[in-house]
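Written below as structure tokens is the structure these notes are about.
The chains carry the letters A, B, C and D, assigned in the order they are written, with residues numbered from 1 in each.
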Amino acid sequence: MALTAEEEQEIAAARAGGATTLRPTVPALEALLFRAIPVLDHGFIRVVDYLGDDSAVVQAARVSYGRGTRAANEDRGLIRYLMRHRHSTPFEMCEIKYHVKLPIFVARQWIRHRTSNVNEYSARYSVLDREFYIPAPEHLAAQSALNRQGRGAVLEGAEAARVLELLREDAARNYDHYLEMLNEDEEGRPRDPSRLGLARELARMNLTLNTYTQWYWKTDLHNLFHFLSLRADAHAQYEIRAYAEAMLETVRAWVPLCFEAFRDYRLGAATLSAQMLAVVRRMLKGEAVSQEASGLSKREWRELMELLGREG
Amino acid sequence: MALTAEEEQEIAAARAGGATTLRPTVPALEALLFRAIPVLDHGFIRVVDYLGDDSAVVQAARVSYGRGTRAANEDRGLIRYLMRHRHSTPFEMCEIKYHVKLPIFVARQWIRHRTSNVNEYSARYSVLDREFYIPAPEHLAAQSALNRQGRGAVLEGAEAARVLELLREDAARNYDHYLEMLNEDEEGRPRDPSRLGLARELARMNLTLNTYTQWYWKTDLHNLFHFLSLRADAHAQYEIRAYAEAMLETVRAWVPLCFEAFRDYRLGAATLSAQMLAVVRRMLKGEAVSQEASGLSKREWRELMELLGREG
Amino acid sequence: MALTAEEEQEIAAARAGGATTLRPTVPALEALLFRAIPVLDHGFIRVVDYLGDDSAVVQAARVSYGRGTRAANEDRGLIRYLMRHRHSTPFEMCEIKYHVKLPIFVARQWIRHRTSNVNEYSARYSVLDREFYIPAPEHLAAQSALNRQGRGAVLEGAEAARVLELLREDAARNYDHYLEMLNEDEEGRPRDPSRLGLARELARMNLTLNTYTQWYWKTDLHNLFHFLSLRADAHAQYEIRAYAEAMLETVRAWVPLCFEAFRDYRLGAATLSAQMLAVVRRMLKGEAVSQEASGLSKREWRELMELLGREG
Amino acid sequence: MALTAEEEQEIAAARAGGATTLRPTVPALEALLFRAIPVLDHGFIRVVDYLGDDSAVVQAARVSYGRGTRAANEDRGLIRYLMRHRHSTPFEMCEIKYHVKLPIFVARQWIRHRTSNVNEYSARYSVLDREFYIPAPEHLAAQSALNRQGRGAVLEGAEAARVLELLREDAARNYDHYLEMLNEDEEGRPRDPSRLGLARELARMNLTLNTYTQWYWKTDLHNLFHFLSLRADAHAQYEIRAYAEAMLETVRAWVPLCFEAFRDYRLGAATLSAQMLAVVRRMLKGEAVSQEASGLSKREWRELMELLGREG
């Protein structure tokens, strides 16, 4: 990631400020505020605003439980209870806003999370920067032979080199042609006074899907946890997972009790079907259950054995 | 409105705090923070948290317009442009959280606004307070004879007195019976050790719809403006309009430029249909247009004449 | 439930129709269409329209998986896979619309499900019917001594009789006073020509929360499953659970494969936290794990033992 | 647009079916059902399912107005009233599902409409087809000199030829390299047994933004009208407007009364601010108002004069 000098200055200026507020304030997140956390080769996330903290979740839960419960629960236990039982509305009482720079193909996955607010850099109004995502060699994975959605071994040698060459050359050439169609040079000056230049909203269609874009993205903590549970998961594409993992660190700083509950009851948890639970109960009674006798399909059996840390 | 001594102390304690933050901070709203603004006879609204300010709207709009426009627009003009052209996403970048105490029949209208977060005091867990909304005499309106949804003249004399008597007596009696069914006295102590007491989730069904409830309610500025445009409107029921008007004052303190644009382009604005516009054009050319020749229905014609400040 | 003669006629008329359509059509649901399924003492649900079927879910999933998978999966397996892995968007491709008659306190819980469309009978415009929910004796539960949210033993004898008497009398009296304030008799005729009558939007506040209202409610299958997983659950209040159970039957008729997957992977399933999974693994290896050595709180331990069908 | 033979067969098969239903059915839309309506060079929209009709909107409005209004309004007048006063919930009682084939840069604008359901063809699982959008010569517009977001004159001669050449060559080359990285030929067979082939989820990043994708997209009539009011507007980018205009025809067939009201009160309507209304009132009284004396900014004045069909 290379922030421009202008961007670095803006961050320094924002961090040089400071005002007094009566709002809930989280020093650990203030320490991160505005700072860009690098993701992939040119991307970043940075927290630019937030509302609420662990106590705001507790406060919202308690208005729903009434005054009587104040003494009965302490905050950590209450938050864990809410997470375990999927009482989601108290987590909606916290809100966070990120500034994110990300490749367009990642943005296309990200935007599927609808309960959020977005303002994206517009390539109808403005010219996009010359920045493309090129995977690091260790992320240049082959198609999985087993799983239509997954990645297999890492490409090596001539095949890897050829892929990187194609990705680099095609992105660069298409960007050059983008500027040529716009009739602009790299500094945004007109190239050829005799030409009109293609409309920006049209020229952009020549760019490749690894071109970087950026946006402000704001969501509440419940929906952020839903996003993270899907995108920090091992089945998520590596590139969006890299963003989710950087965001997890900001959530840990912001709402440490909620984060811990999320980690235990969502990230590290597993849902067992009625049939799977029945198998576990039989096993705990000492019965040797086979897949055939389990009532589970082969695929479900394999998933269960993996969860239980057993050989299939 | 009567805050309990405990509530007054909580507000004082919250206002006695104060922390340093790098986040956008609005002194005029900080001055209001946590303070209860009375609404109706026992209700209130109070702002308990917020995120963003006028500049956050501008910042979000500019990422969507790109760097080139920075010099071209000043903030006020840009915000007015966004409001006029219903570019709503930049307004979603601000968020506000209220604590509201309100009668249940008002809560039932309010909750129809779906894009928001709510945690309501739960009468499954807790016992509701003995507080009911009784209209002030000047709001004791008759059914409109013209408009099925509206209010007409104010009731007076014996009829008004009888209505107030019924409302007061029925609410009080039903609340007394609520406690009796719960087998609790006013201090929450068991009344009769030989009885079990009805479950709270059942006993509440005996309460009247003017009983007060309370909730935390959080939304973004765009959706708040939508709420206010419907609920601060002259066609809204007086009781919810009273809440909307109190909220308008908090918005004016929070985001003065957005508030001004909202007032001019939404609250005070009117939408003219294609046919209405055609009529206005003909009138401006000096033509004397009658309802019959206008192509408008009688109802639309009446609405248009009212907008233009003319006799029908 | 007592449908009016007029309602019975409307249902008969609607069922007497029939048109030819190219849309996916489900005979088992057509057989239920428009018919009222009784719930509680005066309520009902009835399906009034639907869009999509099991195949629509499969079709949507396959566009997301591409043509290659067509042969590989059969429909049932694919639907179960989607449900197990919480791939929710294909279930959003089906939509259903209900007409529901329900007590106001149930409507207040129901409306918290925001991703749906609602048109409720308006007591601003119209006069509500004289119908109240009075629990059957076997549902007249005491407050649970253990669980603030739950019900305990059923009330009996004099206490039960007194509760029923209060509920009946208070609802009836308040309704009588509602009509009196409106200056209307039971047939909607003015009572006293010398009085104006209170506005409907005000008079309604005197009604009790067990008064019946009605609405059209439309949602997609994913959000319906979310509603049902919360409201058909044993922790839901009995009165809303009665509605959820009636709706489950309509879902079973409509999308039998989705229903079966929902029953196995959601209704009958359980989520185990990372720590709970670790305990199960230790137990399966033959270790005798105690609560103290488990790393679980007492409450979590109790929940886990219950899931595993063991003594705590 | 070129449907594959397989797709043509599927449409014919779907249209050869037909079942009896009790649901509201619209013959004019049945006639269009499943048929692809061409948009741009390779795209299409087609209606694949629907729920509700004009009467469903009326029915929903009437439950909210109560029985008393049945006689008072006829359907057309009621629908126009709802549209004029932005009573949006009755329109949410209709739902429609489209299958759409569209360039990725159009999909990126479209997906910003969040209140809808989407299942998109997944390039993680499947290989995209070799189809790109190349603008027709008459849509090859220059950047507007006046409006940062708009299009100006049409490019001609050598400049136009060069743009088309670049767009065609770059898209084709990048697609060739996409297949090369996948190690697949056009028929999906492995090319070189010694190579692994790059994962699909990675290879797609080399494609250009004018590559076609496809999805199922489902929404309710209120949100569809919101989409169409923004995307069928003259300020929308031509390419998405072409889709919106094709959809307008399907809406006209489906709900003719709602369509007409939408056209009059939304598409052809204009919102006048409080200040603009004041200017119109002064003009109607015969006053000659200038921009300077109007209280409007130059930009607002220009907008108002355009609406009134006057010289600025």
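Here is the rule we use: a contact is a pair of C-beta atoms (placed from the backbone, for glycine too) under 8 Å apart; a residue touches a chain by one contact, two chains touch by 3 or more.
Keep in mind it's a predicted model, so treat the numbers as computed, not measured.
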> Count the touching C-beta pairs: is A-C or A-D ahead?
Replying inline: A-D
> What whole-Å value do you get for the distance between subunit A and subunit B if each is reduced to the mean of its CA atoms?
Replying inline: 35
>> So the centre of each chain is just the mean of its C-alpha atoms; given that, what is the distance between subunit A and subunit C in Å?
In response: 34
>> Roughly how far is subunit A from subunit D, centre to centre by C-alpha average, rounded to an integer in Å?
In response: 29
> Of all residues in subunit D, which are in touch with two or more distinct other chains?
Replying inline: 65-66, 68-69, 89, 112, 118, 125, 148
>> By the document's touch definition, which label belongs to this structure's chain graph: line, ring, star, complete, or other?
In response: complete
> In their shared complex, at which residues does subunit B touch subunit D?
Replying inline: 65-66, 68-69, 77, 80-81, 84, 89, 112, 148, 263-265, 267-277, 280-281, 283-284, 297, 299-300, 303, 307-310
>> For a test of understanding, state which residues of subunit A touch subunit B in their complex under the given definition.
In response: 14-15, 17-25, 27, 30, 33-34, 49-52, 56, 59-61, 63-69, 89-90, 92-93, 95, 97, 117-122, 125-127, 214-216, 218, 220
>> Taking the touch rule as given, give the residues of subunit C at its contact with subunit B in the complex, in rising order.
In response: 103-105, 107-108, 111-112, 114-115, 118, 122, 124-125, 133, 135, 140-144, 148-153, 155, 159, 162-163, 166-167, 170-171, 173-174, 177, 180-182, 195-202, 204-210, 237
